[in-house]
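These notes are about the structure you will find just below.
A, B and C label the chains in the order they appear, each numbered from 1.
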Amino acid sequence: MRFGPLVVTFLTGATLIAIFFIPHHRAQETQSIILEWADVVYAFALVLGSLTLWTMHQKKVRQRGEGWFYSAVTLVSLAGMTILGVVQGVSADTVVGRVYNMVNAPLASTMFSLLAFFIASAAFRAFRARNVEATLLLVTAIVMMIGRVSIGEFIWKGFPPLTEWLLDVPNLAAKRAVALGIGLGAISTALKIILGIDRSYLGRG
Amino acid sequence: MGETLDTRWFDPARLNLLLGLLTFVAFLAINIRRAHSSKAGLFIRPIAGLKALDEAIGRATEMGRPVLYIPGIGDMSEVGTLAAITISSRVARRTADLGCDLRIPCYDPVVAALIDGTTREAYREANRADAYRAGSVYYVSATQFAYVASVTGTMLRDRPAANIYMGSFYAESLFMAETGNLTGAIQIAGCDQVTQLPFFVCSCDYTLLGEELYAASAYLGREPNQLATIAAQDWAKALAAAAVVLALILSALGHPEFGRLLRTS
Amino acid sequence: MAAATKSFWHRILGVDRRWIFLLVGIGTTLPLLFPVNLPVAPSPRVKAAYQAIEDVPEGSLVLVSLDYEPDIMAELQPMSIAVLRHCFRRHLKPVILTLYPAGPGLIESALAIASAAEGGRVRDEDYVFLGYKSGNQAVILGLGENIRGLFPRDFYGTPTDSIPIMKRVNSFADFPLLINLSGSAIADYYIRIGASRYHRPMVLGSTAVMASDYYPYLSSGQIKGLIGGMKGAAEYERLVGIVGDARHGMDAQSLVHVIVVLLVLLGNVALFATGGPKARIGGGA
């Protein structure tokens, strides 16, 4: 039985729940300290994670497995950025800063922009009038797609108010219902873990 | 400048929340008792997506292809991530039993370390410790789209037979689910981010909606105490729905006081 | 003939998704090359955000947290520029920070554009840029207690204690307005801590897909206004009276939406032409 982690989980969870109800400045400072500890733990885990990454890709390069060249690029990038970051810092005028702004930033923007293409293909496949519910979804989707852009107003002045109504009434009602379920589910999951009912995160079912 | 220091030991504006929490704990205690005293056990309605997990892992085993488990991009402060970790342990147990290859790319290093531990333990419990492959749970990157590039690359190169998405997902959901759809894998998703659910519904074979993600661990484990938490959650939901309806009626009748009691600060 | 027609509709149903990608690509590119500047009507949510900034007394300091990275800059960067320009125009003094490591580069760029467009603003006199701080929720909690302690130096290395306008502020309570533009759970933390615990008026900007998550906060009064996605940014630009990247982008967004609607309609016509809803639906390749 892993008694230690269970005690730590219970004490931390119970303390944070208590702090939620205690506005005393000491309690709030304690919360800040606990959150800072979480940052410190994260830093250690980041080192551990990076070592796993290194080991995995190093193995691939050694064995010349499929795509080993990409693993080599990963290793060089990881080592290079880490060393330069520690030596030079990470501000905008350093190598790390420049690489981040000139390589990472455009790559991330490009990746995100692909979302439009995926949305279009998913919408084409999913919005089919198979039954009454699907037809309702289809009609709503079309009204929303047209009403939420400038051209919607051109076509019919009523589109923008109709989309606002759809967002404010049926959409919000459904969202609140789902959010209520999620909120209670979150409380339930948190209590399961704090009280040690669910220990599968420790490797115990 | 700055606020004067607060020296109160209780925030009265949060009394309603405290009462709600205590009520939930009471429901939980009652249902744990019920679960242990009932011979038949507590009923929990079947969740199609979870029933399909066995089918998906079985199919992957038959095809000799891996199962890809994606635990979302939430960190440990998100309940969806906690649910993803517990479900990963159940999935690992099944893959260990069936001798199927399991791969778990992680976004968060803390989550990676935890899932690595639970997966090893699951293999050990299945008496297949030798089958656990070091590196099957691995940290990728804490940058959203670097993670997406790696996961979708794995999908296209290794063609997993089953992709299981469980946890907190954001803009990356559709990228991964559409790529998985392209490869023809069985796809099962569970997400607690309402805005991402439509994307999963469009691209996956089964989707666990919101709270079903949290119920998954209890459903797969079938332990009385875990099932009791689901029953307590249902009782709380019924109570909340009744309170909302009552507040609505009383407000319509000109008595908004009850509705105000439900407000949070 | 009938067989040929049937075959055509079947081909439509099973169209290779790369054709769809191509159409979306063309729909995005053309309006960017040949803008028509379609009109934009501000929604009540964006008007409320604009009004919240209008209501802040001239010369006040406002806390602006710009929490995003390059991936979602297409939506949030034009929003930041429009909001900063509005602040500068009203002679408000933004105290800016970010909780994302790749944020400072974008913020510097937004500040440079907004400052130049509003006649040039002086760092540490008209605005302060505190830079990046890791710790999300812990930082937001810290902002409620001791900002100068949390950020002993600004982004450029100047001690915050030595910046004259920073002497006027040290916690949420000292700001008449909080502005948070983000595409993540950071917005929830600001609402829970800044708006709810410290009761500060707050304006929120988010990506389009996340905007509807925050409607309940708007109706409960926890946030004063909401700018959602590129459309929200375009509406804000219209209210401020500028034509920026968001208004240019709305042409492309309009055309792509129309293309998607036409594709969806075509898919449904094909569905019925090939035997109706009960027939097996083919997906994109």
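Keep this in mind: contacts are C-beta pairs under 8 Å (C-beta built on N, C-alpha and C of every residue); 3 or more make two chains touch, one makes a residue touch a chain.
These numbers were taken from a predicted model, which means no experiment stands behind them.
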Of all chains shown, the one whose Cα mean is least distant from the combined Cα mean is A
Greatest contact count: chains A-B
Greatest centre-to-centre gap (Cα means) from chain C is with chain B
Taking each chain's centre as the mean of its CA atoms, chain A sits from chain B at a distance in Å of 13
Separation of the C-alpha centres, chain A versus chain C, in whole Å, is 17
Distance in whole angstrom between the CA centres of chain B and chain C is 29
Among chain C residues, those touching two or more other chains are 17, 71-72, 137, 145, 212-213, 283
Residues of chain B that touch two or more other chains sit at 77, 144-145, 171, 194
Flagged in chain A as touching 2+ other chains are 28, 38, 104, 108, 111-112, 119, 121, 123, 125, 175, 179
Chain B partner, complex, touching residues on chain C are 17, 71-72, 137, 144-146, 168-171, 173-174, 183-185, 196, 198, 207, 209-210, 212-213, 283
Per the touch rule, the chain B residues reaching chain C in their complex are 1-3, 77-78, 144-145, 170-171, 181-182, 194-195, 265
Counting only contacts in the complex, chain C reaches chain A at residues 15, 17, 20-21, 23-25, 28, 38-41, 43-44, 69-74, 101-102, 104-106, 108, 134-135, 137-138, 141-142, 145, 212-213, 215-216, 219, 231, 234, 250-251, 253-261, 263-265, 267-268, 271-272, 277-278, 281, 283-284
Per the touch rule, the chain A residues reaching chain C in their complex are 28-29, 31-32, 35-36, 38-39, 90, 92, 97, 100-101, 104-106, 108-109, 111-113, 116-117, 119-121, 123-125, 127-131, 134, 138, 141-142, 145-146, 148-154, 160, 164, 167-168, 171-172, 175-176, 179
Within their complex, chain A touches chain B through residues 17, 20-25, 28, 38, 41-42, 45-50, 52-53, 55-56, 59, 66-67, 104, 107-108, 111-112, 114-115, 118-119, 121-123, 125-126, 175, 178-182, 184-193, 197-198, 200-205
